[in-house]
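Only one structure is covered here, and it is reproduced in the block below.
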Amino acid sequence: MARIWARICPAVLVLLCWSAGAATPAAAQYSSTISELIEEFVVANRILADQGVIADGFGHLSVRSPIDPGRFFMSRARAAGLVTHDDVMELDLAGKPLDERGRRMFSERFIHAEIYKARPEVNAVVHSHAPALLPFGVTGTPLRPVSHMAGFLIRAAPVFEIRDAGGDATDMLVRTPELGAALAKTLGQAPIVLMRGHGFNTVGNSIKQAVSRAIYAEINARILTEALKMGSVVYLNEAEAANIAKTNDASIDRSWEIWKVKALASTPKF
Amino acid sequence: MARIWARICPAVLVLLCWSAGAATPAAAQYSSTISELIEEFVVANRILADQGVIADGFGHLSVRSPIDPGRFFMSRARAAGLVTHDDVMELDLAGKPLDERGRRMFSERFIHAEIYKARPEVNAVVHSHAPALLPFGVTGTPLRPVSHMAGFLIRAAPVFEIRDAGGDATDMLVRTPELGAALAKTLGQAPIVLMRGHGFNTVGNSIKQAVSRAIYAEINARILTEALKMGSVVYLNEAEAANIAKTNDASIDRSWEIWKVKALASTPKF
Amino acid sequence: MARIWARICPAVLVLLCWSAGAATPAAAQYSSTISELIEEFVVANRILADQGVIADGFGHLSVRSPIDPGRFFMSRARAAGLVTHDDVMELDLAGKPLDERGRRMFSERFIHAEIYKARPEVNAVVHSHAPALLPFGVTGTPLRPVSHMAGFLIRAAPVFEIRDAGGDATDMLVRTPELGAALAKTLGQAPIVLMRGHGFNTVGNSIKQAVSRAIYAEINARILTEALKMGSVVYLNEAEAANIAKTNDASIDRSWEIWKVKALASTPKF
Amino acid sequence: MARIWARICPAVLVLLCWSAGAATPAAAQYSSTISELIEEFVVANRILADQGVIADGFGHLSVRSPIDPGRFFMSRARAAGLVTHDDVMELDLAGKPLDERGRRMFSERFIHAEIYKARPEVNAVVHSHAPALLPFGVTGTPLRPVSHMAGFLIRAAPVFEIRDAGGDATDMLVRTPELGAALAKTLGQAPIVLMRGHGFNTVGNSIKQAVSRAIYAEINARILTEALKMGSVVYLNEAEAANIAKTNDASIDRSWEIWKVKALASTPKF
């Protein structure tokens, strides 16, 4: 436990050593908090892979540090389905690693950094290329909630057009703080933002909320894709959506339990 | 066996102890009946998970007690793919547990309770969020039988609009006896009822009938979704549908055998 | 080997015993032929299950006896994914079992019997409910070859409307010799016949040909379903279709090898 | 290592023996290069099978020899999901094997040979029948990049109509050098060419590039198929596509790592 913790977060270790002088139990508590968070973070990566949200080597999850809101954890550039404790890095909101150790980072870490800057209540971010969401981003068809499991959408998901912020000749990636800030601006107060020709991001106040939003956004997209071909669609109204979103938030653990069982059975041991 | 039975149904145990005084063989028979039913119930939950009818932590199955028609069995609030004997609870038709033991219940148990009240011949109910059914509920496109395996549909499935019974600001859940009664009224004498923006329920005179109806409703929905895009659709007429439904009911065990084999191979041991 | 053979085909055993008096090697050859055929038949059932052609307890495969063209082998009424040697029964062209031993038969064995009567060159028949084919049968949209792997279709697949032969109030099943004969008439000289609201059958000069036709008919149906939504479709012309069909027939073993490996890994041992 | 190498490439062995006289280290280096390439080739075949690019016994991968640009390696005619080291053959650009040993070859090896002739910078070719691509080939709907992972497409994929080169009565297969040359001409400088009613080919400067292009072309086809039904589509422009293609090329290993783990878990050991 302590060993893993030490690897992940030396800066925090200093803080802890300092606080340990005053209060060892506090240090132990911090350590345990981080350990559990990293454990959940690794499991969440496997879930995202197993549920088809991040099927390949692209897409990523981050979680804000519970100790320092100016920092967040993220895997080194590696497929979510293979992430282990040792892949976890700590970054500041400028996207700089505190503990690089020669590990390659995701170039789009600025998505996460800038959202954390703009949204103090957000503690986790998912970035995904799940195919079911893409048609909405490239056609401008509003992604709105038709399944009560996606009530969190409330309204149509905003769409980030990188040409507006980066011009007509980017490589489509949010690879600078400026592009990240533009994306965060498009996200606004929403729980999700589509990226034209690229994918989408969900945010949450916890890993579980951000991850479950990504999973149910994908399901809602598949349902809506078919419903739109059948005729006029009745969406959840704002009250319904807001109410069921609150209810669902209180029940995330119920899906998490089976997602975790499935994910750990389908991805390599860690 | 007796231990499991005792956990599940203390009220019935009293009855059995009473009857045991008069006739021990009868008590043993009751016990064996319940044990076998719970075994089938657990397997059925795993089948619903493996066949994609209940993929996550939501959706549920219930079965009416063969001893007291005013009671039914249901899992505690847990993913169908993980349900074990110890998760099974017994409830009365007011949705009150007889044996709570601190276990959290599904808030939508009133779907089951009210259907059992309204439909004396119904002995099992499935509640599902399977994506293939949702487009029909949100567009009003009639879900009618195009596959003979879904002959039980006979006519178009009724659609429950929760706004009619609960107003425009529910959380979409059937979480009261009143909403459950309204849903049961929409169901009427049908084998299935769609829930707008939510999912659907199937009913049956047995676990196997309710479960197989859910599985084949999902397949029929997928087939119809594509057929509707091709042109004018020839549905089963009422005689064809009723006749094949009767035939299929006599052959459920044939699919059950392979569904069970697959489900037990894909979900954790119990 | 001999034991299995004896179970399957007592009538043939008599013949063999007779011929054994004159020529033992011939008897051994017969026995070995049948044993290998049954082995292939069992594997083929598992392949049909694993490839999604027969996903549940319905749908069936048959193969004509190489010894007596007036007989064929078929499983007892059991899911294809679970069929073992002991499930195999021998039937005559009236659909009567030679070796019933209390085993329940498929009520639609007349599909097979009547096709064998009408088409002397056909040695195997698949009956399937695969969802991708159903939309074509219920809308009358012609199922024609768009993938060269389905060249065997040559022209549009004929569609069997059971109302023409059985009236408006059947249970949709081909459960009599008369309905079977009507189906065989609709099939004509084609390699496949769709059944409205029910499924389809493929025929072949061998198990491998009938099975591979079923698998590629399903893939062709999925491709065509999407192509039809995109615009005007270029189909294989008759020469292209006939030519590639001949080529593919010579290469069936190449797909069979991997289908078998996958099927045996995904279904129970036998 | 040496044994496998010797089996694969006797012509090269002669060269090595010759060079070995002068410089043993050079020979060892050649041997190691080829061994590693064949290892990657076998893994790549399994990946193509696991990712659904080559699901059955058809479709194939080739890689140009790093020693002699006039030669390439390819499996004998066998399902990609089962290819092992011993299946690998070396061919010249006339499609003639250097080491036949009675092994049956793919009749469409001329696709590979002629592309290697026409495109000196191409070192690997994938031939696939993946269903998602077929609708584009048979309707002429342009396959253009909507996902940044398919930026390599840049423009619409060219479509090869075999009737133009081979007339109206081919068996659809590119089974001669002439047809291969016509296909290579249609391919031109593109990274992919669709084949009407048949499938598609991707090319790359390495196995990893050709394989990842095939995988992401399939995903892009699925996304575009749905987007086209929703309305007007915003495609990547040429600058965006070219830029992200370059970025993705630098990150192939990240997806390769998980593709390999999944493929080796789902296909037989080798």
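We just call them A, B, C and D in the order they show up, numbering each chain from 1.
Following the convention adopted for this analysis, a contact is a pair of C-beta atoms (placed from the backbone, for glycine too) under 8 Å apart; a residue touches a chain by one contact, two chains touch by 3 or more.
Predicted, not measured: the structure shown is a model, and the values here were computed from it.
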Chains contacting each of chain C and chain D, listed by label: none
Which chain's centre, taken as the mean of its Cα atoms, is farthest from the centre of chain A? C
Can you work out the whole-Å distance between the CA centroids of chain A and chain C? 49
Rounded to the nearest Å, the gap between Cα centres of chain A and chain B is 35
For chain D, give me the residues that contact two or more of the other chains. 229
Using the contact definition from the top, classify how the chains connect: line, ring, star, complete or other. ring
Interchain pairs in contact, sorted by label: A-B, A-D, B-C, C-D
The residues of chain B that touch chain A in their complex are 49, 56-58, 77-79, 81-82, 107, 129, 131-132, 134-136, 138-141, 168-173, 196-198, 225, 228-229, 268
Chain B to chain C touching residues, read off their complex: 145-149, 151, 215, 219, 222-223, 226-227, 229-237, 239-240, 243-244, 246-247, 251, 253-259, 261-262
